[in-house]
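In what comes next, chain A is part of two complexes: it sits with chain B in the first one and with chain C in the second one.
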Partner chain A sequence: MNSNDTSRSALELAIRYGFIVLLCGLAVFFSIYASGFASARSAVFIFQSVAITGILALGVTCTLVVGGFDLSIGSVATSALMLSAYTMVILEQSAFVAVVVCLAMGALVGLINGLLIVKMRVPDLLATLGMMFLLIGLQRIPTQGNSIATGMNLPDGSVAEGTFSAAFLWLGRHRFDLFLDRLLPVPVVVFLLIALIIWLFLGYTRHGRLMYAIGSNERAAGLVGTNVHRYKIVAYMISGMLASVGGILLAARLGRGDIASGNNLLLDSVAAALIGFAVLGAARPNAFGTAAGALFVGILLQGLTMMNAPYYMQDFVKGAVLVAALVFTFYLSSRRGGRRTA
Partner chain B sequence: MLRREFMKLAVAAGLGLSGSGLALAADMPAPFDKPEDVKIALVRYLSTGDFFQSYLSGVEKQAEALGVDLRVLDSRQDAALQADMVDQAIALGVDGIIIQHGLTESMKPAAQRAVEAGIKVVAFDVNVENDAIPQVEQSDYLLGKLALEQAIKDNGDSFTAGYVYVPGIAPLDRRDVAWKEVKEANVGIKEAAMFGTLDNPIANSVANQARSVLQANPTISVVFAPYDEFAKGVKIAVDEAGLSQDIKIYSADVSTADISAMREPDSAWAATVATNPAVVGEVSVRTLALMLAGENPGKQVIVPPTLITQDFLNEQDVKNMSDLGEKMPQFQHADVSTAEWIPLPKR
Partner chain C sequence: MKEVTCTLNGLEKSFARNHVLRGIDLQLRAGEVTALMGANGAGKSTLVKILCGYHFADSGRMELGGAPFAPADAADAISKGVVTVHQSIDDGVIPDLDVATNLTLDRLTEPGVGLFVNDRKLRRQARAVAESMGLTMDVRTRVADLDVADRQMIAIARAMARSPKLLILDEPTSSLSASEADRLFNLIDRLRADGVAILYISHRMSDIRRVADRIVSMRDGTISGFFDTEPLDYVGAVNAMLGHQMTEVDIDPVTGGEAVLEARELRLFADSPPIDFTAREGEVIVFTGLLGSGTTELAEVLFGLAEPADGVLLLDGKAYRPESAAEAVASGVFMSPKDRSVNAVIADFDIADNMTLPFLKAFSRFSFLSERAQRQASRDMIGRIGVKCQSERDGIGTLSGGNQQKVMIGRWLLEDARVLLLDEPFQGVDIGARRDIGKYIRQTAAGRTTLVFVAEIDEALEIADRIIVLNEAMIAGEYVNRDVDLNHLVAAVSGPARAQASGQPFPTSPNQAMA
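Up next is the complex of A and B:
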């Protein structure tokens, strides 16, 4: 009985802290073997490289919490990228208008997703898959498939005179001073703020707890008087708006409206959210885990790049981490006394 | 007397005019004497992105100038579908087919079927291993070569370089040949790091990688990024690291967005080498037209690239692609696969 107890608590510890230990171990490993890895600036650009996928991943987390899934986030992000460029370069509007228009677009897409799922009873994967294709096509219609940049020729023969305003580029390029000059980029600050807000919202408010309740048993949650439909729609709207935020930051960093399908953004952010299941042995979607998961992938990729590892190595490693995380979540957690097998 | 002379002159002039008019129509060899009956098909493998959009516009403009009927079949990166589309074009009874990109394995038999059906075929940037089919190419090797020659001219023949490359992509592989050659010929050029990814948005992913590479290798002073999305990504990283004065970027391809990036104050993007995709599109159609008229365009039709430096863009105040075409006539039109009787698209 005694030995059984110790092995049990060892397993418990492994599940709870294994991932965090792995994260620290990786950081130490790269600090020793990759020159230039151990520095404040390095740490910051690891955050920067995961900020956008991290923000998208937090959106996915919200839909995972209510037992749904949002496949459209990648294309919402690239649609916001195109829309912000279109608003500023072709319609010659201000940064403020561009941001508001993009957020409204994200919320609208989320609302439509939610209504399709809740009212039309379309399964979540299928509804958001449809939305994904729709948006990939839609974002290209206004410019006939061309990227948007100042000085481009418009279909009517004139030249686009608008520019990305300085205030908008600030969102992607400005750096706040923190110990060092120009250290902390805006997207990182936005990412950390959103992670904090979503973490507090999901874990510490009544609304967040009800969303978890819907995710684990929709019927039971409904029977005790939760407005299941409204919460589900809200989850998709949060997801859509966060994806839009990601797209806006991407546009501000790139400084032009590149056409892109956003599939890589989708896959990376879903991976981050799933890896997040394993952090602290939560075995369920959670904002802290998602942020840590995104960071984990970021550290790996940046470290490998510094060591001159080729791109296919990086995909391989990303996949291996994801599989390991899923084993953590589903196998080890189920052995922990069948708390949940999902 | 005088009046008679006048009459004669007028009549002669009239005859001459109508004569030259007649000559123009007669000069069009069959089947272009009745161009509206000529049907050609463009069978595409790649279509998403500025390059392919611009290529298509070139094909459309040249087809319009000739007055032929153009059908566009787009397989959107589906190799099997692209082969089916060639068969579809054969069934449509087209006179000529342009195959734009694709895989040798899937296109070789399909192209052979088209040739057997008596259809003239031109291939752009895909080798279909068929003697009856001329290859239109933008010379990727020359693209890389010219960019590197400019890099050596600007930086001398010994520097530490970063190189952006993803193996297995045909045009990048051909540009890689030039890089390997230049490295071999100049022992002073040291490749400190090789990186690259095609995760999209490509510029953003490459920027993330380049940040790490520049951090890990502070001695890098030149980056060879032979694809404009790569160069854009490296430029973002260089700007973010505050190194825009210390690093020079050499790339290939150009677009309006690239021009503005190159012209930003203190831009690290020193030069790019490009072929105008619209011109390549026009050349593809002209090559097909030559074949339809029974002429021989040659086995390989190469559209030469043009070097575009930051200094040139600034001196000439070039703002977009159409400015570039005006200031650099060799970018607007390639004297390849031309004939007296082929009308060029209006500029």
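Up next is the complex of A and C:
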């Protein structure tokens, strides 16, 4: 009886803190074995490498919470990348207009996704998969499949005169001073801010609580008077807008509308959100976990790179971490509860 | 003495701190129906789950047909001859496949079956099974298109097709009408004659009176009573299960104050006759009727989930036509739906979050939730309605059915309702919890009107001031709950509706003591 209790509480501890311990362990390991890993610059570099993925992952988290899934985030991000470049370089608009247009596009895509899912009753994976294809194609049409940069030739024979404005590039390239000169890049700050907001929204507001209720039992949530359709649509709109933010930051970092960028965004961010299930034994989507998951992947890749692991190992490592996290979440959690249904 | 099919010896089982089974000794004999009674949380479900291979016992032995029986999983238990028909119907059928496939599915997994499926042969076999069960539907119908009762019969038919040694029926009649239940009982009689040992779990005394050869009462994880001498001591069995003398509920029916909810010429279906009723402040009205009599539809119309074919509803004298649950709740009309695990319970949430779910707005400032306020209100309600739990932060899944139901009803009592609708509030709830819920509903009934929808007449008599009988979507009788003529009531419930109504629309009951 007693030994049973002890092993059960040990399991409980492992589920709850195992992931965090692993994260710290990794950091310590790399600090010892990879010279230069334990420095402020290196830490910031890790944050910077996961900032955009992390922002997208926080969006996916919102759709996972309502029991959905958004496969279109990667293509929304690349669409925002192209759209911002198009707005500034070809339409010669200001940074402000470019940002507003991109956010509106993300919200609109989210709205369409949501309507497809709740009104047309298309299953979430299929609706957002369709939207992904549609956007991948759509973003190439205005430029006939070319990347966008100042000075490029336009179809009507003229030359694109517009430029990425300094204000826009600031979003991707400026670094704030923090103890050290030019330490903290804007995207990292944006990522941390968004993570904080989504964490508060999902975990501590009644809207977040209702969204979790919808994800757990949609019928029951509806029968207590929750507007299930509206919350689902809002979740997809949040996801679309955050993906847009990711795309804007990417464009600002690159300084051109690169058609080939952002291929890995979807898989990386979905992985981060799913790894997040394992953090603190939540066994459900949560903002803190998502951010920690993104960071975990970042630390691992940075450390391995500094220990001279070849770049082509990266995807394998990410995949392995994801599978391990999923086993952690679903297998261990299922053993945890003697769930009794009378 | 009949041959023993199954022996249980000292079974024990714990979930975390919860000692659910504390040594169960039981013998089940061939050709006998053993009724298992127990309050929710007594350990019945756990016992069944051990028998059918979902859980392992912590200690103790089981024997089946003289050999040790320790099923590795559900499939193993079935192959050894222990077949269970579970309470929730859709566990027993595959809704997307047709009746024929459902009835013959298990043959497809047997060794030695060819690669290709011979549809004609399957349908012939299925038809034979269906006929032996007295089922008349076309075997090509998709199961999802059948109604609940037919689906239940299919689930039972599937179990029969495996020719079990021990058949476990877990509340099999909970969604059957009287005539369908009769068909089931006939079938049980036949199986008993064939020498099958049957473990029959039910809360319904009428079922137990009809089928049981022996009664076993469980309480707090032990067997608290065992009855096998004719005539069976039903009162003793209930007492053993509850641990105290069951008292008749004493109701002093009130007539109610001003009209709160009025229905005028309400038609539930296009071809059904109009319904008129007035629900008054402070009174509890029970709508009762068989499956398909319109009680569910009426509840849905009142809560904005369905549109009436015709007619007007008035709430406090003003037109009331909700288009969604949200609108109904905003107007002060609350409903606790039936089938709580599907329609009410948020399995991922703890008690406090489940309890406060409808009124989260009241527990938040600028949208931010105050966990303290949530927990305070939940603790309060847990105390008042009597939920048995360690704390308000327990997961909802750790509670027994009766306690879960208390939480689901308690959530609608956190704020004052104008109209409280309770659809099958006693579904899968033991008598103890049922009494608690009924008492609390009546205690708090002032200031609102309460409409309860139940199929069981016993349950209606325990809670109602007034009972309205629906039959084929029309009002077939109305009774003030004082010395109700039960024969008359049952006739109104089960009789041919139209004739009944035209003869005597509002029967008054003579002074005759209830049974």
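Everything that follows uses one rule, which is that the second predicted complex is superposed on the first by the 334 of 342 C-alpha atoms of A that agree within 3 Å, B and C clash if a C-alpha of one lies under 4 Å from a C-alpha of the other, contacts with A are read in each partner's own complex, and residues count from 1 in each chain.
Following the convention adopted for this analysis, a residue touches a chain if its C-beta (ideal position, glycine included) is under 8 Å from a C-beta of that chain, and two chains touch if they have at least 3 such contacts.
Here the structure is a predicted model, which means the values were calculated and not measured.
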Chain B and chain C placed together on chain A: clash or fit? fit
| task | Quick one: classify A:Val224 as touching chain B (first), chain C (second), both or neither. | result | second
Looking at A:Ser31 after the superposition, I want to know if it touches chain B, chain C, both of them or none. Which is it: first, second, both, neither? neither
- Could you tell me if A:Ala213 is touching chain B, chain C, both of them or neither one (first, second, both, neither)? second
Discussion item. Under the stated touch criterion, which partner chain does A:Gln93 make contact with: chain B (first), chain C (second), both, or neither?
Written reply: neither
**Request:** Using the touch definition from the top, say if A:Ser165 reaches chain B (first), chain C (second), both or neither.
**Result:** neither
In the overlay, answer first, second, both or neither for which of chain B and chain C A:Arg284 touches.
second
Of chain B and chain C, the partner touching more residues of chain A is B
- Name the contact category of A:Tyr204: first (chain B only), second (chain C only), both, or neither. second
Superposed, chain B and chain C have a smallest C-alpha gap in Å of 32
Per the touch rule, the chain A residues reaching chain C in their complex are 8, 200, 204-207, 209-210, 212-213, 215-217, 219-227, 284, 337-342
Residue set of chain C touching chain A in the complex reads 14-16, 18, 20, 40-41, 44-46, 305, 324-326, 328-330, 335, 337, 341-349, 353, 357-358, 360-361, 363-364, 367-369, 395, 397-402, 404, 411, 428
Chain B contacts chain A in the complex at 47-50, 53, 166-167, 193-205, 207-209, 211-213, 215-218, 232, 236, 239-240, 242, 255-257, 259-261, 319-322
Seen from chain A, its contact residues with chain B in the complex are 34-37, 39, 41-42, 45, 48-49, 52, 78, 81, 144-147, 149-153, 159, 173, 182, 185, 250, 253-256, 258-265, 268, 301-303, 305-308, 310-311, 314
